[in-house]
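Below are two complexes that have subunit A in common, paired first with subunit B and then with subunit C.
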Partner chain A sequence: MTYGTTVPYPAPHPGPQDSHPAGTAPARTGSEAAGDLPRLLPVHGAVPVDLRSHLSRYGAPPYFGAPGKLIPVLKAAGLTGRGGAAFPVHRKLEAVAEARTRPIVIGNGAEGEPASDKDKSLLWISPHLILDGLQLAAEAVGSQAVALYVHRNARLQERLRAAIAERAAAGVDVAAVEIFDAPPRFLAGEESALASRISGDPAMPRFKPPRVFERGVVGRPTLVHNVETLAHIALIARYGPAWFRAVGTPGEPGSMLCTLHQADGRRDVVETGLGTPLRDLLRLDGTQAVLSGGYHGAWVPTADAARMTLSNADLRAAGAFVGAGVLVALPARCCGIAETARVARYLALESAGQCGPCFNGLPRIAAALDEVASPRPDPRAVTDIIRWAGLVEGRGACHHPDGTTRFVRSALHVFRDEIRNHSAGRCVDPARQPFLPLPADAALDASDWS
Partner chain B sequence: MKKELRVDPTLCSGHGLCAELLPELITLDEWGYPIVARGPVPRSLDRHVRRAVTDCPALALKLLPAS
Partner chain C sequence: MNGITQSTALWYASRATGVVSLLLLTGVVLLGVLVNRQGRLPGLPRFVVTGLHRNLSLLGVVFVAIHVITAVLDPYVTIQITAIVVPFTSSYKPLWLGLGAISLDLVLALILTSLARARISRRFWRSLHWLSYAAWVSALVHSLFSSTDLQGGLLLYLTIACTLAVLAAVIWRVTHARREIPRAGRAAATLDMMSPRDDPRAPASPRDRAGRRAPENVR
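Showing the complex of A and B:
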């Protein structure tokens, strides 16, 4: 298998089907062929990988023996963060390694995005790669204080604790790993919200500066990496930058996990190279638009998406980005405005309510978008949305207002014909069958921030 | 070093005092929250800027190194 190959993966349903005996991963000892995929996921089936099969496939984590040595390797590999921001990984490590106080290292598995499954899948299926990456990152910045931040899912946490205990017994780990609960909120995984939560406060974003890498958990410099990023670190440390770059594009190297939502309702996690044509990932027949980057991302018309690859180089031209790899193919039968309005309401409720512009603006934007989604809407609604969008952007402690307006603005542009439809009292989908996934228990109370 | 005015929006509760003390750089949005001019603050306004920062009832207005 070469460049661009995708390996479909069922979304995680921590249930009886996951309790198969582990150990069916192929016995390849520590030499992954450079162009082969998947790298992070097992080659066959969604069977969780135990420590024995992990070590027989990849070998032991290759500790470097001193802080700092991994950093130039990651720089040469060109790895960027897989949590959504695509920030160069080595730069965060450098910043934290230079700090005068002992840093803290956190693996971020708080996947708050309702349309994303990839971190939950990876934590369930390949926890040892993540834990290897956590140990290697800790060594690279000279840290002994290491933790995983994951959702309050008893089965997942139990499995992770077992994996950590298994590693301790086998002497694989250098630093002990603690597990912290992430509340089920969209913003729980935002770096400063994570730092607040692990410091014992509610998981709400904080004003920057200081950045988390300067002063994070309990005021100490804190390295936060998405769990998929850590898994890539574990493999780059073993096989090197050239191996990593055998997949992907020169500007955006490597593979990434994506959560794909097909127009027929199928939902899969796949691992694919950056630069894969979107039409190879999503079946675009019978669709009108593709959502890239999740609910802080942007809609792209199908005709444009069909010519693009999974890369920021392509997607940024359309105002979108790769983000954490959420891709949704919206069927032609759905109302893009009504779908966006439903999600915008959810996003407004997920505001932490700390920042005036976000607290005031997002509910108004969501309500006005509801108006645009209704028959013969007030023509002022669209101009109101544009004005409020301008008022909230860049004025939050985090990027929640900016991400929300990016998503809403793109809908106003991409679904402009549907808005005209609504003005004439028509809608492509008067029945309004919901398509975009939202948590069933959305709209929680304030106590759920911790 | 050049300084820039920033509002910590998690502290600001929209008293609006800053916009009264420093209308040259701060206006209020339709909900009463300050919109602060980006970029380095001009020298000529130094005294007024400092006053606005120290008088903010929520201590939300900050003078930070310009980005």
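Showing the complex of A and C:
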């Protein structure tokens, strides 16, 4: 597991600070000065934080004493989910808190995206922030059933169990936390796949409606939050919305963890404020394009990326989005189409095999991309890809086909010069040296999803 | 037999569209079983099975609409317009026409829930869709006894053929498992069809492609 070191940042992105209604949260100063980074990760080095250091830096989790009180605080802070969808956190909590049956709260640490390391890093280094967030969220929705959904990594799970036991013994936790296994699949972290898995079935997405906040794990309303989101909740509850908003932009407040893939192959997890210029995060010289949002994200040419900040306001204009903070700088020496073809093949094999358009369409798209990545490709391949992309979008139980086609379409656009090159029989990297990270094994039978 | 005159035109239209509706509904049920068992029509692409199932059902509704409207408008027998959807309330042959109304109600429910599939839970849609068999049986009995058309000659053989086909399809559905490629392996199976490789986990390489030359800028 790589977890990198944090990079301290200068003054936060300038912007008027929002004031929060007086009395919604205690304003604390001291070691967590507003505007300072890092917040989620330790200040010095990537050393795992134990309970004592956690309590001495942040204090005990500030339980509110009654359900629902945390929600207006989160609303004032404007926290959005850090799992990729950026859904307003307070709205999810409100929806689950309104449920008539007792809800379940799950921390999602599956991180099926191969290019993302931030959740693994946070679980390893700052598990107590995540566990605080779980307890506070459970209190807010009136739940006593709490769980963490993480990879099958024996060392990580042992650490987490020890941390949970320590907290229970010290009386820090109010609800017992169970740990559930996530299979190493791309879709394992999708919220309905998570609900399926924890209910005892394979981790495959389910048809919606109903959504998991209405009927999730064993049919009960389920609150699912990414582990980083829970860590932010734990801090907002202590330091208040204004503190949270001291970093980031007014429209997209706060900090987030990003996984940066530099052109020289370095891979780091850093914490940065939203609105940070991309050129401050990635070294852009010698690169041709930036991938933002992971393998369901989109490519942006370097010329454009150099002028953009880490914000949906900028990235959406280029067809991309912030997502879970995966940023990859593609070196100029790589063939963008070949890289896209490799990833498309992986995404096709990661289909759950439930929906015809997905398990039929994605392999065809991947094979056609492979064709386009070869010298003198069949000219129909590109039009085939575009046609199939239109046929699979919106036709699945989950957004796997949509995300894949977004990724593929952006590649066809951004790497069109390289496609023209291939038609003429040339390629910038004929040896097709792999750059984008992919796991070695593909799922071939049902047990790989359990 | 008398020819179609102005006074009998509506009656003939109703009978003719009735026969066509029954044939279409039979086709839809057979295709529905094929969709469920993930079968294919020989020589045709995979999407045709689902597409034809849907399109024929919509076409069937059109023919059924003409069938019931001409029956109501026909002055020879009295059929109240409400009897189209409320079973057993017709003045003329209330029992047999009532079965027709039941069939129509069920078909409408199936079509409307299918059009609203994105908005309803899949479990609800699926359990409602089981009623398609009831709709077909109801339509068949209605067809056989509302008039004597299907009780002799060519139309009787047609009716027997439809019944045997649906019976065979149901038996096939019950006895045959779906093609058991585990879901997780389906995408891999499709991918292998595209470019057969010994090891589906091996990364793609220009050299794997039989007969393809290396790019020109490599010598």
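Everything that follows uses one rule, which is that the second predicted complex is superposed on the first by the 416 of 450 C-alpha atoms of A that agree within 3 Å, B and C clash if a C-alpha of one lies under 4 Å from a C-alpha of the other, contacts with A are read in each partner's own complex, and residues count from 1 in each chain.
By our rule, a residue touches a chain if its C-beta (ideal position, glycine included) is under 8 Å from a C-beta of that chain, and two chains touch if they have at least 3 such contacts.
Keep in mind it's a predicted model, so treat the numbers as computed, not measured.
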Next item on the list: With the two complexes overlaid on their shared chain, look at subunit A and say whether subunit B and subunit C clash or fit.
Entry: clash
Margin query: Tell me which partner touches more residues of subunit A in the superposed arrangement, subunit B or subunit C.
Written below: C
Notebook entry, point to check: Once the shared chain is lined up, is A:D264 touching subunit B (first), subunit C (second), both, or neither of them?
Noted result: neither
Check: Of the partners subunit B and subunit C, which touch A:D370 in the superposed model: first, second, both, neither?
Finding: second
Note to self: So in the superposed three-chain picture, is A:G396 touching just subunit B, just subunit C, both, or none of them (first/second/both/neither)?
What the structure shows: first
Notebook entry, point to check: Which partner does A:N360 contact after superposing on A: first (subunit B), second (subunit C), both, neither?
Noted result: both
Check: Once the shared chain is lined up, is A:P209 touching subunit B (first), subunit C (second), both, or neither of them?
Finding: both
Item checked: Which superposed partner A:A440 touches (first subunit B, second subunit C, both, neither) -> second
Checklist line | Among 9-17, 63-71, 81-89 or 117-125 on subunit C, the segment whose C-alpha atoms clash with subunit B after superposition | finding: 117-125
Margin query: Give me the intersection of subunit A's contacts with subunit B and its contacts with subunit C, in residue numbers.
Written below: 204, 207, 209, 354, 356, 358, 360
Margin query: List the residues on subunit C that touch subunit A in their complex, please.
Written below: 46-47, 50, 119-122, 181-188, 190-191, 193-195, 200-201, 203-206, 209, 212-218
Next item on the list: Over in the complex, which subunit A residues touch subunit C? Could you list them?
Entry: 202, 204, 207, 209-210, 341-342, 345, 348-354, 356, 358-360, 362-364, 366-367, 370, 373-376, 422, 425-427, 430-432, 434, 440-446, 448-449
Next item on the list: Give every residue of subunit B touching subunit A within the complex, in rising order.
Entry: 7-14, 29-33, 35, 64
Notebook entry, point to check: Across the complex, what residues on subunit A touch subunit B?
Noted result: 204-207, 209, 354-358, 360-361, 391, 395-397
